[in-house]
């Protein structure tokens, strides 16, 4: 009973493992309803505070559009023009926004699991919009929604996750959830970037990947998180680990391409393929709004 | 027929030459209606994305107020806190905003004709809020509206465009449109800043200008676009090419002063003249909101 | 009659001394009504322009929430992304926002009494959100509201103002108003930071302060306004002038702690005391919204 109340108190979302498979499916269903035109609003003024301590276009605007579509008021916190400059901690900033009237907070922060110190004492939902090299649950959900829209059922689907697995915020949780949903997951990319994934999922070369995959899940090279440890040129990466025009021709007719964007064009994916008929990259962005609407609605306990 | 559809698809505004004289007059009439208190809203949620890659106060807030008066939701993109920092191109940024739900984009960008690469593939209206040393069509329209409010008819009016014609985004289009409307255009300012204008329009000194002009259209010295090529002091510029207190006294009783602002006080115009009875500088700012309302309404095809 | 009209024209708020004791009480009553759930809106579109030339979290978001709760549209001016970068003066910026449609401006600026040059020529209310080492009237009002909520009556209350009195924007006005309201004010902190206060109010050590105070009004050390003139370490300051855990134990059972925040934890106040049962620090933030609603409503002459 107490635990239930506790959960009621803060229906935020920090990691995909916070969610049961049932809850994931409920969120995807809700997101699909929003995609189909469902309208919903809280019926009272709701203030959403967006705290972005790292640059972002997609995630930030996607949350903004989702919040506005749900009729919320926004408080836009930018690390550069706030008391964070006077040395205020994240904890004090969030408690301040709570005191001032924020009903929920959306946070992107460069520190892994920044939310751990917040959860015990913050009384409003915390929605994680990306923590360091940790998680990015709404990105995972929009990937799942995009696959589900395409194939209806995850069972027997073969998904190959390709590229910078080491710094990806979604590779691990996507692999875990997809496996639980009955899909087969393989991995591809530079061996030294596999980060332990190679012990759990089969490794395939890009040549093999394009032939077997129903979904090529390309990851962005997180240049800003590499410390000069990239030993190949962009061209070399593209030829060996990227999705080239030649690779795409070997894909199965029904297979699709995902990428969280921003794309490093001609590195992870050939420039011409970004908007090709197989690409669901812009569809992912569209879905991001609907997934976030579902997560925000859930945060308000409706 | 196809072309018509094409235009329908994207009723943005990039340059004044996109507009026929009839369309210009329609926009001025609509703007005047808004000035007179006309209310209008799209009747559905509209998301306007404002992308400013250069500092701006007047233009940015003017668009914001115009959008809010039309009931739009705003997405404020700031080049400094976005994935542009991760190296994302303007094209990918605009496509992202389109995917996320923007219904139109307003862009200021330091690159001339930045919109050329966008137009073929972006499906939402692009409204140019200033491109490099290129154009700034809503500024041109607000200049025209301010003159029309004063004199009703452009025919036989004498407008002298004064100052930094080389870097002005409005000098060329204003001169062209005003000439088509029947006005007489002359130019004044440093000879080396005339940028070819001297082959098309009569050059006059400031002493002559103030005597003949119905409208003194002063331009801002675009210091940020000069590469240390200014060979005179501010005081020298003011005395020789600026509108001094002595000059103002020689103007005709009915003549007015325009300036796009921000004014370099005591350079282009004597400090005391900025808010004198001849000055329409703040009137121009007010008109900017109404002109932008008209352009935004047109972008939604209403 | 003329003076009345003048006041009508600009019901802004720059310093606490602009307000009579009656007006202060009216504002506190109005704020308390908002705290109790009162709803109010202007009944017409109102544009509030927020100009922050210094970093701020609490004050900025507090005004934002207050404005949105009153149904206003916001224009967020940030010193870093505007024509201020082209060298535009504060005066020209404010006149621009007025021309574009702002109905009132809220300004934080590093310069003392920045508003002096604005008042004669700006026709919309100017609400001071902090000027240099000058004043911060809405902070003063929220301090007063928090004390009044606790003790109902100021008469005979003993308030000790502690710490960086030299750079505080509220110390002087709070001391003056509290004295007029019948409270007894003492001061504490480094002798060299007393800034003349020692000639008007009794000085007490922290050991004495905690025993006699009904309200410990702790001030933030304004590190950004000190020029390397701080001769003691944080630990030394805390032990000698800060509110330590040992000090708190000597406070009277009913006594409370105020601090404008952001707190330098373990400097002005021991970390553990920031959220202790005596602390009204987050209550102050909540009250900040209600006080600002009252000030904004007054600015619209309602």
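Letters A, B and C mark the chains as written, and numbering starts fresh at 1 in each.
Following the convention adopted for this analysis, a contact is a pair of C-beta atoms (placed from the backbone, for glycine too) under 8 Å apart; a residue touches a chain by one contact, two chains touch by 3 or more.
This is a predicted model, so every value here is computed, not measured.
As for how the two copies subunit A and subunit C face one another, under half of their interface residue numbers coincide.
The copies subunit A and subunit B differ by a rotation of 120 degrees on their C-alpha atoms, rounded to the nearest 5.
The distance from the centre of subunit A to the centre of subunit C, each centre being the mean of the chain's C-alpha atoms, comes to 41 Å.
In subunit A, the residues touching two or more other chains are 76, 80. Taken together, the subunit B residues at the contact with subunit C in this complex read 52, 55-58, 60-62, 64-65, 68-69, 76, 78, 80, 223-224, 261-264, 275, 282-283, 285-286, 288-289.
Those residues of subunit A that touch subunit C in the shared complex are 45, 47, 49, 73, 75-77, 80-88, 92-93, 95-97, 99-101, 121.
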